Each structure stands twice: as structure tokens, then as C-alpha cells.
Amino acid sequence: MSSTNGNGSPRIGFYVCHCGHNIASVVNVEEVQKFVATLPGVIVSRDYKYMCSDPGQELIQNDIKEFKLNRIVVASCSPLLHEHTFRVAAEKGGLNPYYFHMINIRENVSWVNTDKVMATEKAKDLARAGIQRVFFHKPLIKKEVPINPAVMIVGGGIAGIHAALTIANAGKRVYLVEREATIGGHMAMFDKTFPTLDCAACILTPKMSAVKNNPNITLWTYAEVEKVEGFVGSYKATVRHKPRYIKEDLCVGCMDCIDACIYKEAKYPDEFNQGLSMRKPVYIPFPQATPQVVLVDPETCIDFKSRRCKKTCIEACDRDAIDLHQIDTYEEIEVGTIILSTGFKPFDAKRAPQYGYGKHQNVFTALEVERLVNASGPTNGEVLTRDGKKPKSVGIIHCVGSRDAKTNKWCSRVCCMYSLKLAHLIKEHTDAEVYNFYIDMRTPGKGYEEFYDKLLKEGVHFIRGRVAEVTDWALMPEEKDRLTIRVEDTLIGTVRRIPVDMVVLATGLVPRDDAQEIRRMFNISCSNEGFFLERHPKLAPVSTFTDGIFIAGACQGPKDIPDSVAQAGAAAAEALSLICAGKIELEPNTAQIIEKDCSGCKSCIPLCPYSAITFKDDIQKAYINEALCKGCGTCVAACPSGSIIQNLFEDEEIFSEIDGLLKFAGLETGALCSTEMEVQ
Amino acid sequence: MKYLYYPGCSLKCTGRAYEESLLAVFKALKIDYTEIEDWNCCGATAYMAVDEVNAFSIAARNLALAEKQFEKEEEIQVIAPCAACYMVLIKTMKYLNESPALKEKTVHALKEAGLNFTGRVKVRHPLDVLINDIGIEAIAKAKKHPLKGIKVASYYGCQTVRPYSTFDDQRDPQTMDNLVKALGAEPVDWPLKTRCCGGSLTGTVAEVGLPLSYILLKEAARHGADVVVTACPLCQFNLECYQTDINKKFNEDINLPVMYFSQLMGLAMDIPQKELGMQRLFVKPEKVLKTVKGGEPAYV
Amino acid sequence: MSAETEIKVAEKKPWEPKIIAFFCNWCTYTAADLAGVSRLKHAPNVRVIRIMCSGRVDPQFILQAFASGADGVLIGGCHPGDCHYSEGNYKLLRRFRLLRRMLGSMGIEPDRCRLEWISASEGDKVKTVINDMVEKVRNLGPLSIPGHLIELSNKELGIKETEILREEAVAHAG
Amino acid sequence: MDKTIESKKFAPGSNGGSIRRTIKYENELDKNFAKKIADIAHGEAMYNCIQCGTCSATCPVSHYMDFTPRKIIAMVREGFKDEVLSSSTVWMCASCYSCTVECPKEIKITDVMYALKREAIAGGYYPKHFPTPALATSFFDQVKKNGRSSEGPLLVKVFLKTNPFKMFGNALLGWKLWKTGRMSMKSEKIKDRKGFAKLLNGLDKVKEVAVK
């Protein structure tokens, strides 16, 4: 009789939680408690205000001792939230934690149902199912796996950089993989940072070189992760090094090759400067690029087109660092944990055609203006229109792409603040009339509102209204040959046409184009809008549903620099806590073969995605390597002879749950499907 | 392909030239059409303002008639040249299909009149048909007199492209410009292609409507247009017939011909002017007529 | 309240569809939690059984559920390509297709057995799917296989239902 | 109840003379107005409005309205029934659908305007000598009777209803139209007017049912 699993006939303690009013306001917990008391095997049945509280847990522990309970069932919130808490409680009470079962009557009942009677009936059914289930629970030993202390960080923006340094400074090995030729990400493109207005480069470049010089950090730029296998503690990643046609270890960034390039003047749009300046086929992204190594762009280099270049660059390099025949190389690394900090992509302003980006030459994106105001930018810090004039008036349009059902529903969080910053910088550089067109001004953050106050004092115009269109159609003389912004000044309640010489689009933040592929590769989820999904919005903001994989920065959602850095620190701490523990406990929900029943049909073997199942030819039976099994249970469901069982999800356990849920369903069904429930 | 043709009230009255020229062009391009028998007014914008269900139902009557007339067809193609009719009919299809309650009411009422509506109709705008079914090449081939050096401002107005039509971009439509190109003329790229002409306001509340039409004419002229072509009887009416009032009110001397795209096609395809209703225009498109071979004066 | 009285209550109650749901731990169960956290109200007729992967769903579970009086069975798994165990959901899909056919031949309408891909972020989909399914099943009416069987067995054994119920109840009073 | 009296006491004219009162008392608002409009205007989205003003800015005639479309939405939501229904705004709307296309929250603003027009006519709010409602109603009657509209007779009717002198202003235009065969004074009619009437009656029946 399977109801005696090693510790005598079941003596069940049942506890239903009020969760304040969260559950009790919809489910009649007392009725549930009374009902469960009548079920076979139940010795104690109680309801309590907060089961997860210390007194709640002590209640369980004391009952175990006093009534010699050997099974515990708690009906409260989602097991994803508190299963661990109660298992520990049971363990403290001297019980094997896997004699515990949790029933979810909050997320699954009281929060989603309104009819109190129906909700209470549902809760009873779930409770009965749980009670019947624990009959079949068995004592299990937790599975432990060691943690490889190395960490891989994907993405070398400010988040990746900060996480890398934090972990490296703790003495752990870090592989920092960056897709571009240099680390620094978007922050490296910014001029000043709000609200303190300290120069982005001044605070970022020291961290960049710190990464380069830290012996614990292996920095791989111009490289991409191709494949990830394994699981928490021991991941195996394949990294592809893209050819930059320069031997990284030899190049010292003297840039002689650039001067020597057959192209005397630069004629290709410079990615880093948003195409506002030109570069040569051989180039270095920007002066403080890290590593200080040039690269060759095969798209534009003559030698790649015609193979008939004088190769003046090669002659010029006295270290023979240039190798135009480089190809992809692959490298495999083993790490225990992974941090994803792949960042964001600015909203494509062309998707908001009413603002005429790409149609009217003097409509700029915010990132372009960041480069314009930057001293090392294409205009050496002069704010000029594309026709080279100093603007007399500038309009900054907020929420471009954001808060719009047609493009992004979400608020991008940073645009209000960076628009204020740009307004200040533009005014400082040009003394132009600056207009901010905003829907709502959002300045939550230390010193942010004060920054807004400062701008108000500086005499910047703030017009509350979403701009309908930017047009070159002049209705009034003052609008001739300028851009006219048509907007309702909603605070005054009239429509206005405001002519300007320059329009700045505060484009929102959107997920990177390949976010979906990335999340598949790392087996994590995305939320609806396409940013990586955290395990819990409040309590596990940098964890994912895959153990050992953490997320930091704008890849999880729009974020400013302080928040990205904070998250990076958190992610690093999560990784370190695993590393320091040295091992991680896994659910013992693995599968195993009951050899005597196995018919050796081999149908399970191809099903296992982890090739944990092998075939023992000597005894003609299948064998499951527990270390490799992840406990999905696919093989269990497929085994024709029912000779595979999965811990915590054995057939009897699930059948008894089904049975318990349906007792007295509509018509009485007892006659048919009472599994051997009678208690000896 | 066989089409059903829904003229709408305006094309029988102020917009006669539109019907005449369009059908002439259809004939020339061998487009097989038949007029919906005993069609009724689509309800336009005004009807919606008094009673919505009625508005949808009377519009639906036309769709039901179409289904009756072409009962064998899997999908019935109905051409509605008038912008208002076109929009109303599409809107009716959309709303009836989206709201079962509304559909039920309407179908019930139609039954009273011995009709039925299943929703097999696809409402098409002539521009849509010409560009996507007939094709730009066929049209280019059909032209006899290329309209060399004629600058044409295509004016789409509101309801041809907004809000439910899908055959062209809602903010910067191109079909008419492509058509104009195919006729050998030069489309002018101007910003007010889809800006409202004032609609019925021009006639009823002149102080609001006239400025809108004025702005359009002014801007078209500023971009050097020799002629404005439209696909909407009301737009054509407002822009052409009120030019005297506009000149008086804003003391201008605008004299800009405003014609239907179908008339322009017809001229290029060497269809006699009478068949294109050229004699009905107030402002004679001199320059166009000159380039067209044998361009004798249009109307007496 | 004793099991006996509970039976009487049950008898008096008007019929409400009962649907058993198998939700995978990583996507659909999490989505159901999300629905809860976002307080998305939906029909109370669905009872969720949590499993690690939809691949664990054994056709026997579904048959047992129907046999035990379920009016419908809902299975929720990760979207194709998103399975936490890389392909458990595909494995299920294969089985499910076969089972669907089998159920058909048993006279169980297809709408009573449903498979849905619901990702961790689709709390609203949980709501819509549940409501939609409950409505469909409600329109189909009770399946009550056990009901029929009991009637059968009663005819054979020629004893009154209430007696069976009493026995049952006694058994449960333990 | 006495609240109402109180607010009356403060009402303009009573003691304020020419002074305009702008304060609004709760008892002067219609709490069900928003829901009603939302229902009949397929406008549940109306509640999503964030008052960004895109509609007003994109509207070609908003600068002639006494309240901009954005303001109308806000007032509808808060139940300013009288102000909204007696405003000129709804009658200025030329149904160009720019707002509907541009609205970032996908509110069908043009439909809201239609709904308000209907409410205004039903409630007898609309300005009697303002041409647009007159046009709408005359058009409605004409089509109801004949199944088709005939611009000639229609315009005559409208001008008679509103401002007969206007007609002389347009006499020249009328003549030109007539001369070019673009205007006739005879009424267009459909053949199956009986069926058409049946159709409309059928609707009235349906509506009665709906009411019951």
C-alpha cells in the first residue's frame, strides 16, 4: 500500500492561510479548514492569518512534534513564492522536506475569482487533491551540483562593465563578451550625464581601462556568443571571434595604418558619430576605444572589393599587426553563471513619419545631438544644423515612439531627463530659444526634479502637448524655410504653430533586434514588449527563470545609468552568492528507471533533450544518468511499460490529485475512481 | 474580373464629370462593370450624425443589393469612386463584422426589405483598382498623349485614404502620383496631399471652410502645380467652384484648374473631351489641353 | 460538515463545468500566477495541476480526468521553441494529436480537450483562454462519464444510487 | 437637493450680473454621460486618453472650436454634458479622421464626435441657426423619404432653415452649376421606396425591442 512511504501511515497536518484579506476576503478559509478536517488521514487542520510568518512556521513545527505529523499540506500562495519557506519549516520540524505539499489558493483562486461560494468550493477541491497527493509523497535527498566559479558576461555597456569589475574584484574569473569592436556601449556616445552634468567619458573611460587591465577579466570584443549548453553551475558557451583583420595582441593603436590608408580622406559614415562624420575603411571607433585596437571594415576596404590595393596600411605597420586574411575563430569556455547585459536599441525615428526624420534634414535624433554637443564629436562640440547654421530656436519633442499604441506602449523613462539635459546643453552651446514638447514631465530620481527646476529658471519653454506634425509648409512669414511644429498647448487650450531651425526627437528605448534569438539561446523569457523577463518584478529583478542566468541594465527594460549600474551590482552579487556557496541545491525531481519493469524498448532514449538516458546492452535495460536529468518528465509520460518514475511527480501523485479534484464533481464519481484511499 | 459600380448621389449631380470621365476610362481600359441596381445614398457623413444604426443599415442595403446581384461570386468587388461613399461602405463592412449585435440588427432590418447581408463584399476605390488590378504599365501603355512638362498636384483629401482604406499610405499616399507619372506628367511633392478641404463646412460655414480650401490652392500653386487632380467630388467642388469666393475673401487671383484624375487620364488617352465632362469645369486646364494633341477649347 | 452532507449539497447544486488544467511550471503556471498578481478575474471552473513540463502530460492523465468526471481538460505549455526543456512541448504535441483523435472516436467533443501555448508574460491569455473554454464546455453540457457508468452499474446491480453514496461516504468518514 | 438651490444662487445673472461663473459643482455634472458616450461611440478606448492634444493639433479646424477635441474628451469623461452638447465643436468636425488616425491611444475620436452630434440633436441642444446640424437633419429626412440625396433641393432647404440671405450670395455659383449641368432642382428617388421604408421601420422595431 503506497500510503506508507517509509514513515508509517499518513498523519497529515493541514494549514490554510488567510494571507491577511488576500485570501480570506474571497475564500471562506474556516469552511475549508473544517472540511479538510473530515478528510481521511488528516490529524490537524488549522487556518491562520499569515502562514509564512515565523509564528505560522512555528505552528507547523510544533504540530509535527506534538501530533507526530508525517505529512504537511499548506494552502496559501503560489509555490513559486513560498514552497521553499515551508519545506524548510517542515525540515526544522524534523520531517523530510518532501513530505510537504503546497496548494495555491491565492494566485489561482482568491485573486482571480469573485464568486465566494464557487471560490470556496474550488479551494476545497484543491485542498482535497493536495491531501490525497501527500499520501504518496516519499522522502527525497536534495540534489547538489557544484558551481564553476567563472562567469560569462554578455554585453560590455556600462552594466556589463560594472558587473565584470565587481566580480573580478572579488577574485573570480570573468569572460566579458562584447559584439562591437570596443566596450562602452551607448554611454560612451553621451556627452554629459543628468542630473549632475558630469562628462560621460570622464566617468566611463577609467572603468573601461580598469576592465582592460584587470587580470581576472578576459575581454573579448568583436565577438559573439554562438551557442550555450549545460545548466547552472556548469554552462558551456561557444564564442565566435569575428575577424577585425588586425592581430589584437600586436596592435598598439598607433594609428599609422589609418594615416597610411590609400583613401587620403575619410568618406564612409562613422557609426559611432551616428553617420554625422566620416571614417576610413581602417579605423578606430573613437579615441578612448577599449581595447585601443584598429579594425578593417571589409565592406569598404578596396582590397576586399578588388584584391588590388597597394596595401599601404600593411607597409605602414612596423609590428606586422595587419592580417587581411583573418577568418572567424571559435572558442569554447566553461562557466558556472552568466550575466546578460545586452542593452537596448534607440527607437527608429523613421517609424514616426509625422516628425519627418529622414525627410527634413534638420530633424535630429537625441543620440545624434549627443554627438553634436560632444567636444570630440563631428562638429567639435558645435551645435549646427545639417546646413551648417547655428539654430536660433530648437524644438525638443518628447515621447517619440513611446506611450503610443502604434509603436511602443511603454514609457521609456529616460527621455524626459535626457531631453532636459540636451535642452540645457543646447541653450549653453547656442543660446537658442529651446522648446520642450512633453506629454507628462517625469523626473523621479535623486536630484532629477531639482534639475527640472534649474531648467525652468534657465528660461527653456515647456509646452505640454504631443506634437502632431513637423512640417516645412510655411503658413506664416516667420515660418518660411524653417520647420514648423504644430501642437496643442494643452495647458492653455489652444493650438500653436512654432517655427524652429532644428528639431530634436527624444526617441524611446526598445529591445534589440535579436533579443528573441538571444533569449532562446539562453533559454529565458521575454515580456510582451520584448525586453528580457525577470523572475519576479519586485523580489527577483535580476534573476531569470533559468537558474544561474541573470540580467542587468536596459536589456530588462528602459533604464538610466544609475539604475543600470545598480542592477549590474545586484546581478554580480547574485552570481557571487552562488559562487561562494560553491554548490547549488536542485529539485530532486529527476526521473529513474524501475529496472524490473523496463522492457528495453528504447522509446525513451531519443526523447531526452539532455541525452541523460543510455541503454545498458548487458541487461537490455535503459538507464538514466541522474546528474544529467533535468526532470522534465517527458520520458516518464512516454514509457509504454510505465517503468519510469519522476520524483515529486509520480503517476500516483498526479492521479490522486486528479481524483481529489473531481470527487463529487457534478455527479458522484466515488464508485469509479477512489484510488486505494482507505487508511489502514 | 467583374466589378459592381456604386456611383453615389454626388456623381449624379455636382460630380457628374467624375462619373462620365471614370466610366469612359473604364471602357477604354476594358474594365467590366455594372451599376448596382436601385442603389441608395450611402448616408455620407451627415446621416451618421443623426442615427448610427440607420446609417449603417442604409449603407448595408447597397452591399446587400450587390450580394443579390452577384449572388454567385465568392467575393464581390464593389467600386465606389466617391470618397465619402467609399469610406462609409468600408466602415460599414468593418463595423458590422466587428459587432455581431449591430450586424444582427441590420440583417434583421434588411430581411424586412427582403434582402440579406452576409459580408462577401470587398469595397474598392477606383485608384486601388487601376493601380493594383489593371497596373501602372497597362495605363502607361494606354496613353496616346504623354502629358509632358505638366506639373500635377495630387490631392487625395481625407476619406480616400483615412481611416480604414488600406491600399495606400495614410500620411503620404502615392497611388495618384504614380498614376500621374504613368501619364507622363510630373507629380509635385507637396505637404498637404491629405489635409482636409473643409468638406461640407465650405458650403455651410464658409468662415471655417473657405480658409481650408484656400490654404490648399495656395500651397499647390506655391509648389508650381499647373493643375490639381482629386478623387473626391466634394474636394473638387470646394477647390474649384469656390475659387471666386476665395479670391474675393482673401483678395487673391488664384485661377488653378482642379479636375478629376480620371479626366486627366482620359485626356492623355485621347478620349473626346465631351465624354470626360470637361465642359463642366469652371476653370479650364489650358496648359493640359494645349499639350494634348488637338486640344480645342473644352466648353462654350 | 461530514462527507454525507457534502454529498447532498453537491446533489442540490446546479451543474457547473469542471475543467482540469495541466500547466507547465515555467511558462503557463507562471502566467497563471501573473494573472493572479494582476487580478485578472476569470471563471472559477478550472483546477490547475502543476507539472514541470507539458511533456510530462501522460494521455492517461487526460483519460483519467474525463473518467473521474471532468467536463474538460486544458493543457498549457511554453510556446514552440521556448520550452524550458527545449522540446518537451513538441513531444506533447505529437501525443496530443493522437489522443484528440482517440477522444473523438470515444464521442468526446474536441472542444473538451484543449492545448494552449501560453508564455510566462501572457497573464491576459490565461484569462481569455480559461473564460473561452469554460463557455464552450458550458454550451456542450455535462460529460459525466462516471454518471453514465454508475447508472449502468446500478441497472446491473439493481441497487439504489443513494446506497452507493452512503457506502462511499462511510468509507470517507474514515 | 438644497445643493442645487445653492448652486443656482451663485449662477450668473442672479447676482453676478455680467460676471461669468466657472466653478463647477458636482450636482451639475452628469455622472453617466461618459459611459453612455463610450457605449454608443465604440469608444471604450476613450478612457485611455492621456490628454496629449494630438487630436487638437492635427485637427484642421480645431482653432475654430470653442473647446478643442482633447478638451471635449476630458469634459465627456467628467460629465460636463451641457457644455459639451451645446458646444460648437461637434458641429465644426468635418469628419476628416485625422485625429482618429494620429491618436496614440487609438481612440476613435471621430466616432465620439458623431455620438455627441446624435446626443445633441436628440436632446435638442444644437444651435438652431447653425447650418451643419440643419444640413444633417434635412439630409436625413430627404434620404429617409427618397433613398437618395439631391444637392440642389437640399441646399435650398438648409439655407431656408438657417439664413435665407446666404442663398443670394451663392446665387451666382448656383447658376454656374446649373449652366454646366452640375445642379438640378429635381429630387433623385430610388424605385423601391416601399422596401426602403420597410427597412427603416424594421430598424425601429429592433430598437424598441432593445429598449424593452
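First chain written, first letter: the chains are A, B, C and D, and each begins at residue 1.
What we mean here is this: a contact is a pair of C-beta atoms (placed from the backbone, for glycine too) under 8 Å apart; a residue touches a chain by one contact, two chains touch by 3 or more.
Model, not experiment: these values are computed from the prediction.
Taking A-C and A-B together, the chain pair joined by more C-beta contacts is A-C. Subunit A and subunit C have Cα centroids lying 34 Å from one another.
Distance between subunit B and subunit C, defined via averaged C-alpha coordinates, is recorded as 57 Å.
Separating the CA-averaged centres of subunit A and subunit D is a span of 50 Å. Across the assembly, subunit D contributes no residue in contact with two or more other chains.
Among all residues of subunit A, those that touch two or more other chains are 354.
Of all residues in subunit B, those that touch two or more other chains are 171. Chains touching one another form the pairs A-B, A-C, A-D, B-D. For subunit D in complex with subunit B, the touching residues are 40, 42, 60-61, 64, 92, 94-98, 100-101, 110, 114-115, 117-118, 121, 130-133, 135-137, 139-140, 143, 147-152, 155, 158, 162, 172-173, 176-177, 180-184, 188, 190-192, 195-196, 198-203, 205-207, 210.
Contacts from subunit B toward subunit D in the complex involve residues 9-10, 12-17, 38-41, 43-54, 57-58, 61, 87, 95, 99, 105, 108-115, 158-159, 162-163, 170-171, 195-196, 198-201, 203-205, 207-209, 212, 241-242, 244-245, 279-282, 299.
Interface of subunit D with subunit A (complex): residues 50-54, 56-59, 62-63, 67-68, 70-71, 102, 104-106. Residues 171-172, 190-192, 215, 219 of subunit B touch subunit A in their complex. If you check the complex, the residues on subunit A that touch subunit D are 354, 403-406, 439-440, 464-469, 486-490, 493-495.
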